[in-house]
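Please read the structure below before turning to the comments.
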Amino acid sequence: MGEIMLRLSTPGNSRFIQSDCFDVNYGGGEANVAVSLQNYGNEAYFVSKVPENEIGQAAINSLRRFGVHTEYMVRGGSRLGIYYLETGSSLRPSKVIYDRAHSSISEAKLEDFDFEAIFRDADWFHWSGITPALSDNAAECVRRACIAAKKAGVVISCDLNYRKKLWTPEKAQSVMRPLMQYVDVCIGNEEDAEMCLGYHPDADINAGQTDAEGYKQVFINGVKEWGFKYIVSTLRESYNASINGWKALIYDGKEFYVSRHYDLKPIVDRVGGGDSFSAGLIHGMANGKPMEWSLEFAVAASALKHTIPGDFNMVSVSEVESLMNGSGNGRVER
Amino acid sequence: MGEIMLRLSTPGNSRFIQSDCFDVNYGGGEANVAVSLQNYGNEAYFVSKVPENEIGQAAINSLRRFGVHTEYMVRGGSRLGIYYLETGSSLRPSKVIYDRAHSSISEAKLEDFDFEAIFRDADWFHWSGITPALSDNAAECVRRACIAAKKAGVVISCDLNYRKKLWTPEKAQSVMRPLMQYVDVCIGNEEDAEMCLGYHPDADINAGQTDAEGYKQVFINGVKEWGFKYIVSTLRESYNASINGWKALIYDGKEFYVSRHYDLKPIVDRVGGGDSFSAGLIHGMANGKPMEWSLEFAVAASALKHTIPGDFNMVSVSEVESLMNGSGNGRVER
Amino acid sequence: MGEIMLRLSTPGNSRFIQSDCFDVNYGGGEANVAVSLQNYGNEAYFVSKVPENEIGQAAINSLRRFGVHTEYMVRGGSRLGIYYLETGSSLRPSKVIYDRAHSSISEAKLEDFDFEAIFRDADWFHWSGITPALSDNAAECVRRACIAAKKAGVVISCDLNYRKKLWTPEKAQSVMRPLMQYVDVCIGNEEDAEMCLGYHPDADINAGQTDAEGYKQVFINGVKEWGFKYIVSTLRESYNASINGWKALIYDGKEFYVSRHYDLKPIVDRVGGGDSFSAGLIHGMANGKPMEWSLEFAVAASALKHTIPGDFNMVSVSEVESLMNGSGNGRVER
Amino acid sequence: MGEIMLRLSTPGNSRFIQSDCFDVNYGGGEANVAVSLQNYGNEAYFVSKVPENEIGQAAINSLRRFGVHTEYMVRGGSRLGIYYLETGSSLRPSKVIYDRAHSSISEAKLEDFDFEAIFRDADWFHWSGITPALSDNAAECVRRACIAAKKAGVVISCDLNYRKKLWTPEKAQSVMRPLMQYVDVCIGNEEDAEMCLGYHPDADINAGQTDAEGYKQVFINGVKEWGFKYIVSTLRESYNASINGWKALIYDGKEFYVSRHYDLKPIVDRVGGGDSFSAGLIHGMANGKPMEWSLEFAVAASALKHTIPGDFNMVSVSEVESLMNGSGNGRVER
Amino acid sequence: MGEIMLRLSTPGNSRFIQSDCFDVNYGGGEANVAVSLQNYGNEAYFVSKVPENEIGQAAINSLRRFGVHTEYMVRGGSRLGIYYLETGSSLRPSKVIYDRAHSSISEAKLEDFDFEAIFRDADWFHWSGITPALSDNAAECVRRACIAAKKAGVVISCDLNYRKKLWTPEKAQSVMRPLMQYVDVCIGNEEDAEMCLGYHPDADINAGQTDAEGYKQVFINGVKEWGFKYIVSTLRESYNASINGWKALIYDGKEFYVSRHYDLKPIVDRVGGGDSFSAGLIHGMANGKPMEWSLEFAVAASALKHTIPGDFNMVSVSEVESLMNGSGNGRVER
Amino acid sequence: MGEIMLRLSTPGNSRFIQSDCFDVNYGGGEANVAVSLQNYGNEAYFVSKVPENEIGQAAINSLRRFGVHTEYMVRGGSRLGIYYLETGSSLRPSKVIYDRAHSSISEAKLEDFDFEAIFRDADWFHWSGITPALSDNAAECVRRACIAAKKAGVVISCDLNYRKKLWTPEKAQSVMRPLMQYVDVCIGNEEDAEMCLGYHPDADINAGQTDAEGYKQVFINGVKEWGFKYIVSTLRESYNASINGWKALIYDGKEFYVSRHYDLKPIVDRVGGGDSFSAGLIHGMANGKPMEWSLEFAVAASALKHTIPGDFNMVSVSEVESLMNGSGNGRVER
């Protein structure tokens, strides 16, 4: 459940003010997760509301194209949210301009969704902190969805995904903290934990360095306070906009496990990197794999996402496993 | 004064749901007029409000590129309005999806504009019926602008430009009729006159046929009721989305004059066709030409517009005059 | 049931030997019908076989994108068929180069398809003469499908669709004539009837003129010989590659009905024009409309198809009805 | 022999001032003729001079790509000539901006070419009035080439091809008239005859009407004065920039022959239309065909050229013959 | 004051001989500086001469688009200079082919410019060594401009910018050395100093290594000989065409200051890198900032330029300051 | 002699399933070698068979464009082979899908080629292990070509070029080993030697590390067993799909020589890298250069190939020599 947006991105590395065409993609945190899960052979349903025009239809088509089920999509409301994206390079960061206020999903009402039906045969419910940030309406929808999911015995995962252009830390914490009681698997990087939950990792993020050690206390506290079954974080080392290091950390209340480390060098498109990680993790866990395997799958999947333009991670299970088990040396497959 | 929007159009004749890039242009009724006037060697100022981000800046740059003065542009508000455009062909009409609610200009306040300064050295003020249709705020801004312009001795022209996706005929008439008292030159096609002013031309529009005769009584009434110095209408014969006939009619309270007729065959881009007509007319009149010359210039200019992609009419005075005086036989200039 | 191919077309009007990129679409007679039917709100299933690689997957995705059900698609075999397309203009005809030999569907075996399951809840089965032309295997699959469909009480329609690059008239007649006993609705233009069934319309096709009268005797004979419930033909007047006239004729054994006539001027992409006609007809008939309404819907739908790039007809019911009931004058919808 | 230029054209129908990319082609009157001849199976040699850089190399490669022999191309000088092209539509004519001064060929010297070697095994020498218009140097090269060709018993054809941006009628006549004594086949439209030779056809060109009758006296005079074996003209009826009529007239000193008439509707790219006509004529005559066949081949070939983007006419003999002998009804070849 | 050219660059990393379109930009040393200064909120005027056609107009529009004042642009002369650009990668250097001889500015005359008017309210005059290299005319124009600027009390900066394809070291020194007396701020890298002024830095440039130490004596001599207020150089470490190091050195006659060092990894477009540095420096100095701040701003601004396609540096003051003060770690701004 | 294929590659780094256009190139091992050799000033002939349609013609044109002689190309058969290419980045390898079965060359017959004529004035014959892998027919053609070449005193080089998607190691060895007796210069990397000849280098390839030492015994054995005059291998260190190290090793039966090492950072297109190496080596040897020079030329040439999109290596001798002799520091050439 979440928002799917029209993504308008400048071609190559051109800036907004020099572009006379925009590449069109559709995406959003939860939609990206749904596409990944479907690509891995799971049956994924995306739940949202889009306007009753061709732009809304194109968003639905972008999901159907990859097999995501769209029976629970509601049509109506005034517009599809937009985000403009300019892809940075080396010393220039990528830039996002949000134009998502008044979107159909942000103005959706509780009556739009029949959560009982939605969760009837479901195994897993994933949502991110972006959805409740959209509006009070949306936050209430998420809360009710969580209650319905819990009642139906569905596992719940949440990617905290703090967006400073959508809300303040105070507002975020007032909404997110009460929702944590429903969450089984909590995913969030350093900034998310601080802004949404009020925790401070010791890692020095802006220096582009991340040390798994700094997260451990945060994780222990999270499990203690809300009873998460798992708490997970990616650990991104930002050398510059084109070159990053990438690994992840998971904690199940007993053991910590740090994944293999990957050099992302160069990065093609890092938007959706976190979502592809969440999807990889869910794929592993929902299919009964151990947390170590799930984490390695998630990290490898999201490392591959950084090489693919667009929000969606278009990789197969065999491609992810090949990276997990191999050297990533990039020899041509022919 | 008016709105400038981001225009996102599908390339060639592709449909919204099959496009994975959008061509980016900026335009809007009054902005289009300003660019034309500047192209003809007049000094044009565009007055509006755009958001303080790169999308707003790109809109300003699109005007500056053609020399339009942007000193009175205000920055702020939440977003730049968007219109999506799909260009039709033969039996399939072009389609516009508006996503312009909550734009910076529609939420602009009276304080944003210093009309006294704006009109101090101005000769002509042009606005269209789209601007008051945006919001009550915008309508009030237009009213005040008219008052200030009148006070400064500035000629006022209005293109009625009815848009059924923005307001109802009732609302339109309640706003537009009171504004007519300020108007010296009233421009409007058959539908506009009916929807904005409550007049019915006798022409049968949907049959794709237009007969200048049917307009004459409407024109006489208009001049009588509001004292327009001139009332003008284009007469479009729509054979299909690619082939139109084009001419115009003017009345100065005494004489009617019907322009030469042009075959638009094929049409490249008809959006902005009416604006290029208004600009041609203003160019003639503001430079002291007789109404016959002005009308012929306006019709030829707008006939050329139909051959140019984008909202703006990028033609020179000499190109328009060459068509006015020549045969339009399209021999290569080399 | 049929073949879906990779369509590689040169951009704009460029020729094969001057192109350094190809536009990628996926399409084929029956796939095109399925997409149209799904667009009109019916539940369409496409049955075929594609190779187990990304090109095959992309073909499936192109169908899923528009909601077509792909559960009965089989994966395997050696390759996806290709057709190269160069779009002509005025005096230069469009050109198709087939590279479809050895495609997965042409080498499919009977065991690949469980026709009993496929037709269990089906209402309508549509196939075209292209499929049996692919190979003897494919022809046998079609025959078995017809038998299974008949047994399940499913209505069968066939678009004769003769392709001279695939087989000779002799071969075509030896395969197609025995299949006609299963057909309820027979669709075919002048050339098809002659090549596939051995009938000669009196119309002079190469002169670019078609007269409905010339078809009547052929239709009467068809109904008499095979008991078709309906026999239908489009009537294309080819002025040149860019300008055509378009109408159709239907006969139900009692009455003839000739549809409204449309000018296709200019044509954007005529590939898939016949398929969009078949889909429109099936939509009407399968939803219980009279043959006159069905034919008018089919002709209007296919007239619109000529304005849309690609094989698929991406129009909605309301757009088709708007053309059926309106004037096609192409005014911008805004 | 002649100039090959870099052609920079705006995509689609966009104007120079709105384009941020240019399509790159290479072409020029005589180069276009050489490519056509090679396409028809003749062995064509192009003789010119291009700068010793990648732009010059690309021009050579564009010829080699179609098999034209480039052994006599000289490298050196300062630059490759450029022409900027903006393709018009309906009422807006196409526009050419020349930037060809100081090109390598215009500054070529007599020593650059060994005409004796060039014409040793040649059958035909074609040049156009553009080459002597480039510079006095170039004019002298043409004169010497004519003398050498005559000495080698080679047939000489000349396309008068007057370009008002290159020289005045006075200059043109002072150069061209003395060269006419070498010419066996003289090709020129109405304007060329007047500007280069001082003859006035009676046809009213600007009215977009051309009547073969008006040319007859000009042709008779031409043959009388210079002893042309054949004098030929295309007859273009310019309805607008997108729609033309097209036919041609030939005279062998005894008989006049008027070709079939073609509607060019719509035109894709008319640059190179005259050159494709010359090449078709030469193909017929050099292969011993009668003047009627040669003229029909030339007119059909150049009618097809109007459907092909770029300067070069990329059609085969069988495609031209198919149009000559058929109806041009534009049915898809599949 | 300087030349603005049409830049024709191959898309991506393709070579000249494989490109069938060119990206169109306009740029040139001084024009690039003007755009940067305007972007930073200064009022910049660009002075040059362009031909009176659409290509010249497009060059002017490219400046107006970013707000640069073009009132002093002169129209006339024969052509706009062109440079062809092929962007290299790793071991293949970028390649420039100049086609700028006979450009309007290189043939401009003294009478074209009213330097007294131009400098009346000016604060700063910037020129580069490219302009006097164009022609003796242009060199004389620069000399007169310097005299007029000095008389008007305007600060003068000069970027030495040696171009070996335009002149020899001997010619360069004979022209440039006499002009140095007018210069307040002298900007030049290692090669420039040697070629234009006859100084030899000790740095080993071709080894791709640059050491600030090697420049110090050159700087001291420069200040001594010509009384520069500041002498500045960028220090580029070329690892390969895609990866460079970047920093700068300034000397005010008393102190040396070396800026922070940046890794440019990867480079998107390095053309205009030096100009963006000059503009950053002028921005700081003209706004009264200390030389240290000015140098850091200049280096950060030009480091960002390397990430932006085209000649112009489209960055804002806040973006430059964010890099100056931050880590350049490239996190997405959202 | 070999196969030339249509290469359909996704633009940029997009995946097959997200592409709606394919870049069109033509290439193949031996064709790539021929183009390189022609670029270096040698006269290269390419011998193959392509279908008699426009796709086959375009393949021939792609060779003619670069001057390769195509007199011995045979036309006929059913299709041009295709390979689909998706360019990887960092951790995602490039992917090739072959669709080359039933191509004209794979079904060519001995009678198609007159090897005696082909080798009459030839100096060198190059083939690769891909050709005999296509079919038994093709393998027999290669064998006969080798015999004819030997008879004509022509030097023979072979690039082993093992392709696991075309044949198994067993089949490869059964075909390739008997052909080795004709080979003078054997080229192959680590995998080729193992798969085609049954030799095992000691280098650990998958670890992305290659050590020249590990090859020496393989080379000594090769020379001993088949009497190669030279045996050569490139040594690629694959860090990831975007970053490689590159050098090569040669052995003439007496001495080993290891070339300079290059960092390929980043790689633009590595397809054709091996072919460009072979061509560089042949260029050196066929022009009488020592093996050290030839190897350095080959390595530098192929290092440059990695910066050029498409299969062909479009570099000149002077560009290669400039890299061989210089530092590759990538300064702009202007």
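Order of writing sets the chain letters: A, B, C, D, E and F. Residues in each chain are counted from 1.
In this section, a residue touches a chain if its C-beta (ideal position, glycine included) is under 8 Å from a C-beta of that chain, and two chains touch if they have at least 3 such contacts.
Nothing here was measured: the structure is a model prediction, and the numbers come from that model.
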Chain pair, C-F or C-D, that carries the greater number of C-beta contacts: C-D
Pair from A-E, D-F or C-F with over half of its contact pairs in common with B-D: A-E
Approximate Å spacing (C-alpha centroids) for the pair subunit A, subunit B: 45
Whole-Å gap between the CA centroids of subunit C and subunit E: 62
Residues of subunit C touching at least two other chains: 12, 15, 17, 20, 61, 95, 266
Residue numbers on subunit E that touch subunit D, as the complex places them: 8, 11, 15-17, 19-25, 53-55, 57-58, 61, 78-79, 82, 84, 86, 95, 97, 99, 101-102
Residue ranges of subunit A touching subunit F (in the complex, touch as defined): 262-268, 303-304, 306-310, 312, 314-315, 319, 323, 326-334
In the complex, subunit E residues that touch subunit B: 61-62, 64-67
Contact footprint of subunit F on subunit E as seen in their complex: 12-15, 17-18, 83, 88-96, 98, 163-165, 206-208, 238-244, 266, 270-271
